[in-house]
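The same chain A turns up in both complexes below, where it pairs with chain B and then with chain C.
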Partner chain A sequence: MSIKAKKYVTTIIKYMDILTILLLSAVLVLFFINRNPKFLSTSNLTNIVQQNAALIIVSVGTTFVVISGNMDLSSGSLIVLTACMTGVVFRATGNIWLGMITCIGVAMLISTMNAALIAYGKINAVIITLSCMIWARGLALGITGSKSIPVPSTVLQRIYQPFWGSFFNITFILVVLCMGTGWFLLNRTKFGRYTKAIGENEITAQLAGVNTKLVKFGIFAFAGLLTGIASLVDLSRLGSAVAMIGYGMEMNAVVAVVIGGNKLSGGEGSFAKTLCGLLFMCLLSNGLATLNLMDSQVYLLKGMIILIALAIQRGSNLIRLRWLRVLNEKD
Partner chain B sequence: MKPILEMRNISKRFTGVQALLDVDLQLFAGEIHSIIGQNGAGKSTLMKILSGTYTADSGVIYINGKQVQISSTADSAKLGIGIVYQELSLLNNLTVAENIFLGREIVNGVQLDNAKMSDMARKSLLELGIENIDVDQNVEVFSLAKRQLIEIAKVISIYPRILILDEPTAALTNEDTRRLFNILFKLKEQGICIVFISHRLAEIKKYCDSGTILMNGRVTANVRMNEVNELQIIEYMLEDNFNTFHRKWRTKQHKKQPLLELSDIYLHNQVNYVSCEIFPGEITGFTGLLGAGQDILWRIVYGAQRKDSGEIRINGKRVRITCPSDAVQFGIGLLTENRKEEGLFPEMTCQDNIALPSLKHFRIRKYTPLLHNRRIRNSCNDLAKRLSIKMRSLSAKVKLLSGGNQQKIIVSRWLMKDLDILVFIEPTRGVDVGAKTEIYRILESLASQGKAIVVISTDTTEILQLSDRIYIMVDGKISTTLNEPTDEETLARLIQGNPEKKVIA
Partner chain C sequence: MTTIRTSAETNKEERFKGVVETLGIFLVAVVLFVLFSLLTSRFSSQNNLFNIIKQVSIVAILSIGMSCVFLIGGMDLSMGSNMFLSAVLLASLLEMGANVYIAMLVCVIACVVTGTLNGIIIERLHINCVIVTLGSQLAIRGLALVLIERFNSWIYVKNPVTRYINTGKLAFGLPTLFFVIIVLYTVVGLLLYRTNFGKQIYAVGGNPRAAALCGFNNARIKTLCYTISGIAAALAGIIAACRLGMVNPSVGSGYEFDAVTAVVLGGMSLKGGEGSVFKTLIGALIVAMISNFMTLYGVDANFKDCATGLFILLAVLFNRFTQQHST
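Take a look at the complex of A and B:
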């Protein structure tokens, strides 16, 4: 094989998981556009981004957590709890700024508490965030009395209201900002590099002089901050705090991150992969919603399609590994 | 000349084993010093004390004449001791430059200065004379030899005064070894003291300046390499045969059918067309240097490792073994060298550990999932008695047992299955002397019951004491088959891989 051809093949192999998920997304688009010609219209695409803004923001944190070899199941419940607290504070004081500070503050507080237990208490992240997922939702139901709390604030609504054309709003800016910050942290700072190192081998990282506990703490605290922001975004879009906000968000985020090709066992990962995974998940959710199916059918189809996509992703990964071996043996 | 580092009267005891006893070591700047000894002689323990992984029970360490305390890896790094570990400690998902600078990144504000780090990494590789390594590539794409060089570059980049290399050449070819030493010579000229650990005497003799020879945790000699020959080194390494176990060599007293035949087993770069025969009622020994392929060969036979080609026959019939459960079906059992990771369920009880693979024989009735617990207990008790396993009770956790007893637990596991072929990889590693003899006796009695026993060991004394037939492997090939007894020096020589000097006076 000539050097140029080899370089070409190496590049394809390197980006094979991304290519696979993009291909699968293209298949989805072809299918949905057949059923609904307006699927790729500007208004529907705008809709997809706006509806899934919270998911995208949460996924940024989840990417860090997954790359470090951990798991965060608390984000969905944290969103509903902080949204409800914001609603309660607004109802009591009428001050939306206080409400928004409460939202971010509570998200940070609970997530740093979890982070401390995970990093310094050395308790498994799955268990800590799982228990948080349960009690936070319970608390949210408790403080609202299981009723929705309207938050009729013009300031809050401005996050969602477009101010330039039909597309550009603060939500969109926040999404881009969070993604950008996440990308910068992962690729351009010590924090990101240590996240990767911990995911690959925590002991080696420790022996190399990395303060692994502090990094782990930072990862979960960062994920908490993003959850707070996501909560505000969703609250603004819906206009009221309802108990169903953020339901299943943590799982959707994990699926998006993994389906894009990030390794669930940690070590490998990038924001390009997360973005592709998100694209697939968002197209799928939106497309299924436009088909006018029953809820049961939507769940069934969504789950099955995710399963098939994961199987294909796994298959392409096996091929990738075989090619890698062939290339290396030629050395 | 004054030594740069001096260790005096270092002793270290692990439960039941005296790993080091009153060991003295002197290292001089600008020298390549070798630590020589058989497996379990205490080389690694000594180096781990120097690196701060272990602390010595007694003894003192001086650096440049000043007494120092080394109680953690951070301490040793501060004192200028750099270690290249036996298992590579590079992170595969990071690039070469990222690995070299892990934990001490160069930053520009909050932003990593990747360009500068890449530059410096490139420079430090070039200083070592290493070319053809793209520092912005992930480590995983490089060959083992190159990774070894990267690892050295990583350690060198913190400018150590003492550089320790723990078996860096075990997986390297001769060509790569020569390149490695060219680099080490350069470092030596800069006044760095290099400690080199290897099993390959030819290398040690050729490249090192001096050496300390250990045997059973004691120093037997300090040598200058230009004053001794390999044979003398071997003599210092080998223990006098005070070991009580002696087995009569039973030369081909029978003309039996081989139970297991391997023909042309091949795995790229690891095992090179190996053929051999295993007979029932015999102990067959496989030996060679670390990485010569003897353990991989048997992992292949057991189905724990893929093979590229080759045939396995049992009782003359060709069998297909693709996973360990196939092998067990055909009557092959394997005991790995790392009991904790691959052999035992440390948190489970002795009984569960013994009976786990045989549970289906203990069903109350066929086709019912219920187990007959009393029968399991009884038969475990029988086995424990037969092998004299010392444990508080069958329901004690296996992790509380000593190494020798843990090994016996695994043996009894396969005895319960009643397998015909038992493969032991390093059966006495991490086992104290008393239990060693006991395990030897068990192996012997199993063989006399007509089972085919295969022992894979890098310990030449052990191989000689146990085997009826010895296969010696060098670079993935069987270089010599010994059908009659030999002395330890010949064997040690053969393992080093120069069969043309087969006869030593």
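Take a look at the complex of A and C:
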């Protein structure tokens, strides 16, 4: 094999996980465009980004959590709780700024509480965030009585209203900002390095002098802050704090991160992979919604497609590792 | 697995420690029982106690499956959906005029298939258990919902056998379900503590590498644990259908969290390889008592969910600070 050809092969194998998920997304697009010719129209694509803005923002935090080898199941419930709190505060005081501060504040408070238990209490993140997922949703539905609270505020609506063309709104800017911050933190700061180190091997990281507890605390607190922002974005899109807000968000976020090729056991990962995974998940949920199916069929299809895609991604990863080994041996 | 015992003395010491730990959770159960009896007079009435036994049966049976999965260091969040699938299958087959025993068998077989599929995806492909079971939770619930929508989302379960399971009294004036729990826990206790398979479960959960070096087929043992969890969910679903007398789309939702609470309360760690299934039973009893008390006290259903979540948190903290290992 010539050196040039080998270089190409190595590059393809290196990015095979991203290629796999892009290929799967292409299959989805082909399938949905067959059913609905308008699937790839500009308006629908804009719609996909706007509808999933909250998911994209949450996924940034989830990427950090997954790279550090943990899991965060609390984001969906935190979104509904903070949105309901905002609704309650706005209804009581009529001051949206107070509501927004409450939203971010409650998200930060609960996530730092969880983070403290996980990092300093040394309790498994899955079980802590699982319990938070249950109690936060229960509390949110309890304080609102499962009824939606309208939040008719022009300030809040401005987050969603486009101010230039049909696409540019504050939501979009927030999405780009959060993604950019996440990318910068992961690739250009010590915090990102330490996150990867903890995911690779926590004890080694600790022995190397990293304050692993503080970094872990920071990761979960950062994820909480992003959840608060996502809650505001969703709230402004829907215009009222409904009980179904953020439902299944934690699962969508974790699946998007993992399906893109980030390892759930931690240690490696990138925002390119998360973005590809998000593309797949967004296309999937939007496409299924345009098929006019019943809820039950959507659940069934979505669950099965996710499982199949996870299996394919895993298989391609195994093949990738084997080929990488073969290539290295030849050297 | 526990460390190799070198002398009779350490054996005694360890046993003593085990007794103390078991007593701890048992004491919590007793204290809660007394507290609830004092707070509401109806709580300790005979009728309500039978009610608690019936309520605990579902959580207790789910907890059997969840314990086995926890022992190998996994988690099965699709149990509630599996339970729903089993209940829907039972109800729809009865509606179509099938024999009740055959219908129950079909339920168990269906859940064995879904449980094993979970296990195969998790263990053969090495994908994280939480994410796989979250995905299959969606898929299985969707499948069952497709089925139940053919019957307008509401099926009554009317059959002498199912009615007997709900209200029947087998002996000593105690409900049949009481004996069902005892039999199932005896079976699972024998399986875990008196067979090679049980020892393998503990070994694989405690140290997978060592177990693999000993020549155990880790993937097969772990997959079988997910199968057991499927069977447990099927049985719980059958009992839920019998107890309610009807099946609607809300059956079984959130029950996996009750099972997690019971298992964590029983002192099992997410790392696997430690814990006793009988302590899980006490954990399940506590969960059922609290749920029953809140119903009697007239607590809103949403706040009940909230309390469940907080209770998991408390259980974890309780574990964390009473035992050596971290959860």
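Criterion: the second predicted complex is superposed on the first by the 331 of 331 C-alpha atoms of A that agree within 3 Å, B and C clash if a C-alpha of one lies under 4 Å from a C-alpha of the other, contacts with A are read in each partner's own complex, and residues count from 1 in each chain.
We adopt the following convention: contacts are C-beta pairs under 8 Å (C-beta built on N, C-alpha and C of every residue); 3 or more make two chains touch, one makes a residue touch a chain.
All figures in this text were calculated on a predicted structure; none of them were measured in a lab.
More residues of chain A lie in contact with C than with the other chain of the pair chain B and chain C.
Judged by the touch definition given at the top, the superposed model places A:134 against chain C, while chain B stays out of reach.
In the superposition on chain A, A:300 contacts chain C only, with no contact to chain B. When the shared chain is aligned, chain C comes close enough to touch A:314, but chain B does not. Look at A:197: by the touch rule set out above, it reaches chain B but stays clear of chain C.
After overlaying the two complexes on the shared chain, residue contacts for A:208 are found with chain B alone; chain C is out of touch. Contact with chain B, but none with chain C, is seen for A:267 once the two complexes are overlaid on the shared chain. Of the two partner chains placed by the overlay, neither chain B nor chain C lies in contact with A:281. No residue of chain A contacts both chain B in one complex and chain C in the other.
Chain C contributes residues 75, 121, 125-128, 130-132, 134-143, 145-146, 148-149, 254, 257, 260, 264, 270-271, 300, 302-310, 312-313, 316-317, 320, 326-327 to its touches with chain A in the complex. Those residues of chain B that touch chain A in the shared complex are 73-74, 89-94, 98, 102-105, 107, 110-112, 114, 141, 143, 268. Within the complex, the chain A residues that touch chain B are 188-190, 193, 196-197, 199-201, 204-205, 207-210, 267-268, 324, 328-329, 331. Contacts from chain A toward chain C in the complex involve residues 71, 73, 117, 121-124, 126-128, 130-139, 141-142, 145-146, 251, 254-255, 258, 264-265, 294-304, 306-307, 310-311, 314-315.
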